[in-house]
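In the two complexes that follow, chain A is the common piece, with chain B as its partner first and chain C second.
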Partner chain A sequence: MGLEQFKNRNVGQQEYVLLDVGHSPKTGMDQFKQVVRRTFKGELFVGLWVTMREMINALFKGQMHTVKYPFEKLPISPRYRAIHEMLRLLESGHYRCIGCGLCEKICISNCITMDTRYDENQRKEVSEYTINFGRCIFCGYCAEVCPELAIVHGPRYETASEQRASFSLFEDMLTPIDKLNLQQEYDGFGAVTPYADENIKKTPLAY
Partner chain B sequence: MEVTTYTNVETFVTHLPEVTAVGVWIKAIIILAVISAIAGFGTYIERKVLAFMQRRLGPMHVGPYGLLQLVADGIKLFTKEDIVPQNANRLIFMLAPIITAATAFIALAAVPVFPDFTIPEWIPVIGGTFVPSIAADLNVGILFVLGMMAAGLYGPLLAGMAQANKWGIIGAARTAIQFLSYEVVTGLSILAPIMLVGSLSFVDFNNAQAGGISHWLIWQQPVAFVLFLIAGFAETNRTPFDLLEHEAEVVSGYATEYSGMRWGMFFIGEYANMITISIIAAVVFLGGYSEGGLGWLTIILKVGFFFFLMLWVRAAWPHVRPDQLMWLCWKVLMPIAVINVVITGIVMMV
Partner chain C sequence: MGNVHNSMNTGKPITVTIDGKVCKSTFGKTILEIARENDIYIPTMCYLTKVQPIASCRMCVVNVDGVDGMILSCQEKAVDGAVVTTNNHELYQERQNIMKLYNVNHPLECGVCDKSGECDLQNKTMEFNVDQQTFTARDQHRPVENWGHVSYDPALCIMCEKCVRVSTEITGDEALKVKFGGYSSEIINVKQEKNYASLGEAAAVCPVGALVQTHFKYTANAWEMTKIPSACPHCGGGCQMYYEVRNDRIYRITNEFEFSNLCGAGRFGFDYANEGVTKDAEAFAKAVEAFKKADSLLFSSQISNEEALILQKLKEKLGFKLVSHEASAYQKFMASYAKITGKHLYGGDLKRLSSSQGIIVLGSRINNDSPTVKYHINMASKWHQARVIYMHPMADSEIQNIVTQFIKYEVGSEEGAAALLAHTLLEDAALTKTLRASLDDLDIGNLSAESNIGEEELALLKKSLQKKHGFSLVVGSDLYMHPRAEQIAKWIALLEEYAGFNVICIPPAGNAMGISLICDLDAQTEGYTVGYNAPGDFVLSALGGGDLDMPALNQQEGTLTTVDKRVVPMNVARSYGGYILNDIANALGLKAEYTIDYTVQLPEEKGFSSIEFDALPDYFDAVGTEHRGYLLSAHKVPVDRTLDEVEELEAYDGAVIYRCDPVDQFSPFTAKSPLLKDEAVLSASPQFATATKLEDGDIITFEVDGVRFERVFKIDTSMKGTVALNPTFDMGLSASSLSSYRFSRLVFQKANNEKIGNDNE
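Up next is the complex of A and B:
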């Protein structure tokens, strides 16, 4: 089918095909027959059965849909870009950031501010690191550019707070040292959702 | 309780202990307390059942499994501002919800809510008092109840007309056509069982079906039962006939301008009416409380079934249009009801 057919707006000149939708009754007797037929068809009871079946499924077969949100949460995709996290090295517990400044450079909304200095071992250390979340557009460039997988996007999407500063300091984003064993490695862009295969549904092509 | 089939009202009454004023008072208090509690609890049940049928949880957070939701709702209703719109007719606007709630409970005065019983002697003051099954055992009980439920239509009607709101007016008009029309079907459908039993008293209906399930009137009058159920749904303003306050069409119909406890009284009235219709259906067609000592349990189960049926139907079926409602009433249900009455009469004569 070419594009011209779609662009043809002269309604009534195309070759329309009438669907067979049955006939509406013409005489009074036909109307009466239709009423009787529909009355005794039992479709109403099919509806009753469907709702009862769903109730049985929900109550006894564990198919309740409700997620009690603040107490239960659905798993979100690892691709999701929420509040940033600063990861630590698993062996030493030291933060991974090497102070290269690439994230600050690439940030298109200029929301990352960092300051570095040399420590006593002549290693670069991060003396100051903040992200202005009022400006951040969560584009994910900083996580993409980071050579050390130090700054990543976490799954923390509930960002309501009394003040923006609650999230934006380096210490706030850094994995707490006692939670080091719980630190999740960032799957990266293009990662698939957990249980993605199980959640695939057939497209209902029947109708 | 001894189960005996009495042939007429006089012999039945002489077999019972004397009904004193104290007994009637106690019965009235029991009815008010139990039905108000059930009517309030019904809103919780309704929300739960509808939620389960949509695979949701329903109210969960107030109390265990949301059981105290009723209390929270009550506090909310009582503390809300009582708004009377500027152009409304103040007196009628404030009176209308009382009419709905009052007529619903007055109707319950002549309905057998539980079997009769005698208060044990060891209880002080009221010990030994015989509590009848009906607060006011009228010999025209069914007429009285149907009349009271018909009078209840003045609640929505006056409410809709008094509130100076176009949705209210439409709701009031729908009230008039719907309740008046289905009153006819209710009366005609229940006429056939009345002919069979030969009495208008609920007690006689109950005793006429005392011989077990095979004696239930539903087997003799299945058509009348279905008609009564359909008309009952319409009269209690339940889906698929809840046109009076159908949100998608008329905001909230006759209750649009109401808030707080005045709105709550419409709700209590509606749920009390649901219970009344359930009890009438149970007593007239399903044998009532006639199963010996278990009568109180079986009547509760039967009423509970009809109550659940109303919620079930609400979850499953769509609304009908007002013109379909009228068509169904005058062109289908009423002729069938008349034919049913005629056939019943012919069979009784032959």
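Up next is the complex of A and C:
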């Protein structure tokens, strides 16, 4: 396109089409009539009917779409990294944590502290376990490094609390023993791959 | 090397080529030793530098040109011109297979194992890429055993035998043995009591998690703790150690176990910090006042060289008397000793002790007094079949496995014993005329009768040392506190000067040697007394409960002087919030920001070097040469080689008590450590019980040097004679008031106030 077309400012030469936009009322009476006509036209109820239909569906046909947060929450991706959870063994109900200390070691914001001891059954027992959520950056390394899938990231993403301490104790994070049947296996960081069983190579036994 | 267990080292130079590198060394060294000297890596599992090669793992195999098959580099002496290959495909396969065999049925519990992170098995499994197992064996049930301070998990044990070797070759109590049985072999503990040292050493050298300190078990991981290098302050040994600290708590003590040793007190007596102290300005002001008006200052030996120097400087400034009984006795002893040798320090050291073939111990219950010296005697016994002659009024059943001749002398006759020893061993020595005359003047018959040392015993001693070379003499604190200590010192010194003996005068307690070199000590306290870890009118105490708190030795930095004549650094393991001695010194006009500013000022004329604390090295190199602090240098002092006549002996008839702490107890600080649980009882033989009409369990009270003891009497059937052992570790501050000869007559009262005993004083 040449430059001269831009320089042609004679707009009247182009083909404009005038739309039919009706006529504006001229007199006061005409204006009044237009208002009354538009007010009582059925189109209003066409719009309202959509609302009404959805209301009926929601209330009487059980098709409510509103999530009643905070009473109701949408499911969250298993890879979402929210407040930690401590899982239990499904068979015995004992907590899975073996006190190896890897989460404490790997934690890049140094927010995990644990103390362990030698218990009566000659096992390693976790005597104290806290996470300082004021420091935690939810990087997920602790869950990834955990060899027992004991510490995982749960779906609890609301981190507002009156006190920082509210979440940080071992007991708070541990699956309540009466809700053990509701405990979900974790699919996020550190979880075993779906085909793990097939990849295991067994030791040959000579005896 | 720190320890000498290689007697074949002839020193002839040889050249060996290892992996193409030409290495010069001397004949007698093994291929592995030469490789390590030259920074060539040969993997090992069972090799422990400080003991003789164990040769149980076969990881150190190498190929030598012209020799068929694989050679164990740890025990094979290198010959001149050998060409050694440390790694090729075949050797790698061999080593990988060894690692696979070690891993057969090894429990996969690294996650909770205490050794994880510093485990040889873990490291080498990774190094040799053992990613699958091709060997199998039927597993068997092997329960964990609790041996007290250490628990043993046979399932984790790889049977490297390091633990057995240290208990035999180092600590010498032979507490651990191998129970042979093929795949079901295991380590057994054959000594239930007084085995702290062996168990501690065994746990330290264990390459896997089989032997773990019970108190530490499952409490922390190796990588979580900060290693603070330090020296053990309990006896005068100053052994190398690390405090492993996390969150201001000491979890355990470790050490450079390849090269150095630690006794039970060092290993388990670490929890004595003065905790929860804050700056009490009022008490501090009172302390400064107390120093100003003090006529004398009494202190114990549990202080650093720098603190001793501060006290000495305060003495010069304020003019009070400075008293520390044990150090003072040692100072006098060494001053007299120097008059013969012409050097202000004794000439012996531990390395030469461990390579001696004849060792005489005089005036020390060595197993209790100085574990590190005992270990070196044991090394000499095990590696060089040394004759060990133990001269003491009491036999010690704990060391009977290394003592070849026990010479019992009467209590109090140390001077006679020393003179007889000098007379026996200096018969052919080139003495000066006056000395020869003094020796000839000795009335041997009388001395022999009074000290109860038979002439035939001395003849046997002399005969047994024939055809041996390298002699050591170890003397202890029975002599320093003896009324005739200065004469005894001269007799002993003659043996160093004229018979070439490697003489070690064991410092009586803690840092007594440093104190004796730094401080100008007075004999007795008088008037208003400030006590530093000692009783007084104003008490500064690191044990807590005094008028002003002081930091314990694991809460301060400074240096210690050791029995090996070495000045070694200590670092801070635990926090301390209160005032320290340096604050008091600053308030009194001395100027130093930190206590360690005094390190550089330690008196050079006494052998110290002018080195800043932060410049002191603290490590062992790859072949085990010690680079910790520096060695004291011996300075010349004027000689006065005259001997007095041996004085008539004071008779110690009837019941006698001997100040001696149980094994692994040294001071109120070890007493405060909860892991060292020893009962303070007056223990003696059944014979003693008959003589004193005491029964097991009787409670008696008695006094020594004005310190009142209340003791339960206990019969120990392993003891003999009429001398009882009276511990002092539980006496708190008052233990530092004890100033007399270690033996004393027992005048006691039973709980029912009946006065019994020989009170003919």
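Note that the second predicted complex is superposed on the first by the 122 of 207 C-alpha atoms of A that agree within 3 Å, B and C clash if a C-alpha of one lies under 4 Å from a C-alpha of the other, contacts with A are read in each partner's own complex, and residues count from 1 in each chain.
FYI, a contact is a pair of C-beta atoms (placed from the backbone, for glycine too) under 8 Å apart; a residue touches a chain by one contact, two chains touch by 3 or more.
Since the model is a prediction, treat every value here as computed from it, not as a measurement.
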Partner chain(s) touched by A:Cys100 [first = chain B, second = chain C, both, neither]: second
Between chain B (first) and chain C (second), which does A:Lys7 come into contact with in this model arrangement: first, second, both, or neither? neither
Contacts for A:Lys61 in the overlay, against chain B (first) and chain C (second): which applies, first, second, both or neither? neither
First, second, both or neither for A:Lys26, with chain B first and chain C second: neither
Touching partner for A:Lys179 - first (chain B), second (chain C), both, neither: neither
Which partner reaches more residues of chain A (counting touched residues only), chain B or chain C: C
One more residue to check, A:Val50. First (chain B), second (chain C), both or neither? first
Under the contact definition given at the top, report the residues of chain A touching chain B in one complex and chain C in the other. none
Which residues of chain B touch chain A in the complex? 49, 52-57, 60, 312-313, 315-317, 332
Going by the contact rule at the top, pick out the chain C residues touching chain A in the complex. 111-112, 116, 132-138, 144, 214, 217-221, 223-224
Chain A residues touching chain B in their complex are 35, 44, 47-48, 50-52, 54-55, 57-59, 63-66, 68
Could you pull out which chain A residues touch chain C in their complex? 98-102, 104-105, 115-119, 122-125, 147-148, 201, 203-207
